[in-house]
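Next come two complexes, and both contain chain A; in the first it sits with chain B, in the second with chain C.
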Partner chain A sequence: MTEQNNEVSALAERLESGDRRAAARIISMLEDNDTGARDIIKAIYPKTGKAHIVGITGPPGAGKSTLADKLTRAVRASGRSVGVVAVDPTSPFTGGALLGDRVRMQDHFTDPEVFIRSMATRGWLGGLAKATKDVVKVMDAMGKDVIFVETVGAGQSEVSIIQAAHTSIVVEMPGLGDDIQAIKAGIMEIGDIFVVNKSDRADSARTVSEREMMLDLNQSKAAWRPPVLQTVARDNKGIEELLVKIDEHMVHLRDSGQLDDYFKKQVRAEFEDLLREELAKYMLEEYTAKNVLEKVLEKLERRELDPYSAVQQLMEPLCKK
Partner chain B sequence: MPKKIRVLIAKPGLDGHDRGAKVVARALRDAGMEVIYTGLHQTPEQIVETAIQEDVDHIGLSLLSGAHMTLIPRVLELMKTNNMEDVTLSAGGIIPDEEAEMLKAQGVVGVYGPGTPTQEIVDFIKNTVKRK
Partner chain C sequence: MTEQNNEVSALAERLESGDRRAAARIISMLEDNDTGARDIIKAIYPKTGKAHIVGITGPPGAGKSTLADKLTRAVRASGRSVGVVAVDPTSPFTGGALLGDRVRMQDHFTDPEVFIRSMATRGWLGGLAKATKDVVKVMDAMGKDVIFVETVGAGQSEVSIIQAAHTSIVVEMPGLGDDIQAIKAGIMEIGDIFVVNKSDRADSARTVSEREMMLDLNQSKAAWRPPVLQTVARDNKGIEELLVKIDEHMVHLRDSGQLDDYFKKQVRAEFEDLLREELAKYMLEEYTAKNVLEKVLEKLERRELDPYSAVQQLMEPLCKK
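Then we have the complex of A and B:
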C-alpha cells in the first residue's frame, strides 16, 4: 500500500515537471481504472482548471482530426502549448479499437510542447470515453495551455463534449442533410462555433446559410451568437480565423461570468456522477455479500416483484435516519 | 477490468505500401487490442515519441523499402535512450532471414515475413507483451 502511494506521488511529481512518460503512464492507469488512479487525481486536482478546453465534434470524415492538427499548429505559432485527446470507438464485439486520429497529426509528434493521446471509448456512449475528462486533467496539470478534445465521429446525440469542454466546435461538411436536419435537437444545438469544413466543395455556401438560418431562429438573446465559419483544413484555409473565434469565446466566457457557472456545473456533474457510481457499486457489493441481491432478482424474474419496488426496498435502510 | 494491450503499428521510412500494416492492425483490433496507427513515412524519432505518449506495450514496424538495417536499430537505440525496457518491438515486411537473425540479436522480439498467418502475430504479441 505505502509502496503504491510512493509510486503515485513520484508519478505526480514527474508529471508536474512535464515528464511525458509519467503522463502517459498516469493516463493508462486512469483508462484501466487502476487502484492508483484516484490517488493520482487527488494529487493533481489542485493544479487543474487552467487550460482552455476546446471540443471538436461532428460526423465521421468531416475533418475533425485534420482541423485539430491545423489548429494545433496555429496555437503553437502563438507560443502556447497544446494537448490533444483523440477518441475513437471501441468494437462492441471484440473490445478492440483502431485509433487512427494521429495519422493527420504527424507534424507535431516530436514537438515537446505538444502531447497527443489516442483513447478508445471502451463501451462508453456520448462521444467520449469514461476517462476522457480525467485525461484532460492530466494534460491540464502538465501545464498545457490549450487542450483539444476530439470526439468519436458523432451522430445526432453524442453531446457529452459540452460537459468536458469550455468551447465546443461542431464540424460539418457541405451536402450532409438539409435545413430540417439543422433545426433538429441534439448536436446542432451544442456548437459555440460551427465550422463548415471542406468548403471548397459545391454546396458550401448553402450549408453555411442553412446553419445561419438555424441560429437566427434561436429565440434566446444570448450574448454569444455562434459564428459559422468556412474552412479547408487540408489546405490550412480559415484556420487563423477559427482560432481567433476560439480565443474570443474564452474571453466572452470570462467577461460574462459564464466561466464560473461552467466550473460550478462541471464540478457538480462530476461529483454527482462519481457519487452515483460509488453508491451503486457499494450497494451492489453489500447486497451481493448478504445474498439479498440474488433473491430479489429471482422475484423479479418470476414477476412477483417489479423493479421499482425492488429498488425501493433495498433503499429503505439507507433512507432511515 | 483487465488491462488492454496497446500496440503501435508504424511505417518508418519512405515506402508507400501500407496494406500489410493495415491487415495486421485490423487483426490485432479484432483480437481485442487497442491499435494506434500513425500512417506512412514516419521517422524513428516520431515512432518512439508516439510510443511514449500512447504508453504502448508493443511496437510493430512494417518495412518494405529495404532500409530495415538502418531504421530498426535506430528505433531500438531511441527506445534504450528513453528507458523503454517494458516495451517490445517486432518487425514485418521484406526482411531476409540472416538479417532477421541480426535484428533479433539486437533486441527485436519477432520478425514476420510475407504469408505469416495473422493469428500467429496476435498470439505472439499476447505472449511477449511484458505486463506492466
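Then we have the complex of A and C:
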C-alpha cells in the first residue's frame, strides 16, 4: 500500500514536470481501470484547471484530424504547448490498426511540447466519456496550454465530451448532404465556432451562408455569436484566423464570467457522474453478496416483476434508514 | 392516488388493445418524466417481449428513413403490424421543425397497424437511450409485431440503443468516404445485416466487397455471418430480400438459444441502468437536504478536494452500515 502510494506520488511528480513517459504510464493505468489510477487523479487534481480545452467535432470525412494537426502547429508557433486527445467509439472488431489518419499526427512525436493520445485502442472499462475527461486532466496537469479533443460527434456521449470543452469547434465540409443531415447530427447548438473545411470545393459559400442563416435564427447564444470560418486544412489555409477566434473565445468566457459558471457546472457534473457509478457498483456488489440480485433478475426475466418495482424494492432498506 | 391508478390501468388496457391515442398519451407522459409514466411501464411490462426489434443505423445521408419507410410497407404486406421509433440527438436549437424526411412516413398515418414516433422533439429528461427503450416497450405492449428503431449511429448512446435491438442493420452508401471513415463510426461490429443503399450509384460493388472482406476478417460472429445486401430504397429495390434476411436472423436467434441470452442481458442492463439513476437521485436529494452537497461542491471548486475522495467520503456512512 505504501509502495503503491510512493509510486503514485512519484508518477504525479514526474507528470507535473511534463514527463511524457509518466503521462503514458498513467493513461495506461486509467485504461486498465487500475486502482492506482484513481489515486493518480486524486494526486494531480489540484494541478488541473489551467489548460484551454478545445473540442473539435463534426461528421466523418470533414477533416477533423487534419485540422487538429494544423492547429497544433499554429499553437506551437505561438509558443504554447499542446495536448491532443483523439476520441473514437471503441471498436473491438477493428482495433486501432486501421486508423491511418492518425499517422499524420506522428510528425509531432519528436516535439516534447506536444502530447497526443488516441482513445480508440481499447475497451475503457469505466466508459469513454469519463476516460476522455481523465486523459484531459492528465494533459492539463502535465502543463499543456491548449488541449484539443477530437470526436466524430453525433452521439450523446460525444456531446458530453464536447460539452466538457471550453470552446467547441464544429467542422463541416461543403456538399456533404442537405441541411437536414447537418442538423441531424445534433451538434449545431453546441458550436462556439463553425468551420467549413475543404472550402476550396464548390458549394463552400452556400454551406457558409446556410450556417450563418441558421445561427441568425438562434437566440440562445446572444453574448457570443459563433463565427463561421472557412479553412482548407490540408493547405494550412485559414488556420491562423481560426486560432485567433479560439483565443478570442477564451477571452470572452473569462470577461463575461462564463468561465466560472462553466467550471462550477463541470465540477458538479463530474461529481454526480462519479457518484452514480460508485453507488451502483457498491450496491450491486452488496446485492450480489447477499444473493438478492439473482432472485430479482430471475423475476424480471419471467416478467413477474418490472424494473421500476425491482429497484424500488431493493432501495427500500436504504431509504428507511 | 387511486384516481391516478385508475387512469394508469385504463391507459394500459387501452394500449394493449392497440389504441393509438393511448400510446401517444403514454409517450407524452414518458417525455415529461411524469410520475404516472413509470406506473404505466410497470403495468405494461408483463405484456412486453413479443415484438421483433430491428435497429437501423448508419451515417447521415445513407437513406435510413427511406429504408425504414419501405421496410414498413414490406412488413405490412406480410400481414404484420409495425412500430417505428426515429431517434435523433435532441436539439433544443432546431426543435423538430426541419425534420422534413419524416414527412414521407406520414403515408402510413392512416394505417392503424403502423405506429410511428420521432424522438427528436424534446428534452427527454430521463435520457434518450432509456426513453427510446421505454417507447419501444409501449409499441411492444401495443402488439406491434416488428419495431424499427432508426438512429444516426456513431455515439455510445446510439450504440446502446442499437444493442437493445434483436437485429441490427447497418446502412451505408457507395462513395461516402474511404474505409477508415466507415470504421470510425464504430458500428461495424454491431451489424447483423449490412445494407449498401443507393446501390445504383457507381462504386456500389466496391463498397460491398470491402464490407465482405472486412466481415471475413471478423471471427467473433461465427454463428451468423452477416450478409451484405444491396438496396435502392427510393425505388423499392432489394427490400423484399432484406426483409427475408431480417426474418431469418430472428429464426437464427431463436434456434441458437441466443434469444434467451439476449433477453437476460437486456433485463440485467436495464435493471442496472435504472438502479444507477435512482440511487444517485435519492442520494443527491439526501445530501442536498442535509446541506452536505453544497459544501462538497465548494471544496471541489477550490480544488481542495478531488471528485474520487468526495464520493468516497459521502458514501462512507452507507458502506459502514
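Here is the rule we use: the second predicted complex is superposed on the first by the 284 of 321 C-alpha atoms of A that agree within 3 Å, B and C clash if a C-alpha of one lies under 4 Å from a C-alpha of the other, contacts with A are read in each partner's own complex, and residues count from 1 in each chain.
Quick note on the criterion: contacts are C-beta pairs under 8 Å (C-beta built on N, C-alpha and C of every residue); 3 or more make two chains touch, one makes a residue touch a chain.
Source: prediction; values computed, not measured.
Peer 1: Who touches more of chain A, chain B or chain C?
Peer 2: Counted on chain A, the partner with more touching residues turns out to be C.
Peer 1: Which partner chains sit in contact with A:128 here, chain B, chain C, both or neither? Use first/second/both/neither.
Peer 2: So A:128 only meets chain C here.
Peer 1: Identify the partner contact of A:201: answer first if only chain B is touched, second if only chain C is, both if each is, neither if none is.
Peer 2: neither
Peer 1: Is A:315 touching the first partner chain B, the second partner chain C, both, or neither of them?
Peer 2: second
Peer 1: Under the stated touch criterion, which partner chain does A:20 make contact with: chain B (first), chain C (second), both, or neither?
Peer 2: In the superposition, A:20 touches chain B alone.
Peer 1: Please write out, lowest number first, the residues of chain A touched by both chain B and chain C across the two complexes.
Peer 2: 90-91, 94, 98-100
Peer 1: Give the list of chain A residues in touch with chain B in this complex.
Peer 2: Contact set of chain A toward chain B: 20-21, 23-25, 27-28, 31-33, 90-91, 94-100, 102-103, 106, 109-110, 115-118, 120, 122.
Peer 1: Quick one: in the complex, what on chain C touches chain A?
Peer 2: Per the stated touch rule, the residues are 38, 41-42, 45-46, 48-49, 59-61, 88-94, 98-101, 127-129, 152-159, 176-177, 179-189, 218, 220, 263-264, 267-268, 270-272, 274-280, 282-284, 296-297, 300-301, 303-304, 306-312, 314-315, 318-319, 321.
Peer 1: Touching chain A in the complex: which residues of chain B?
Peer 2: It comes out as residues 1, 3-4, 6, 25-26, 28-39, 41-43, 45-46, 49-50, 52-55, 82-83, 132.
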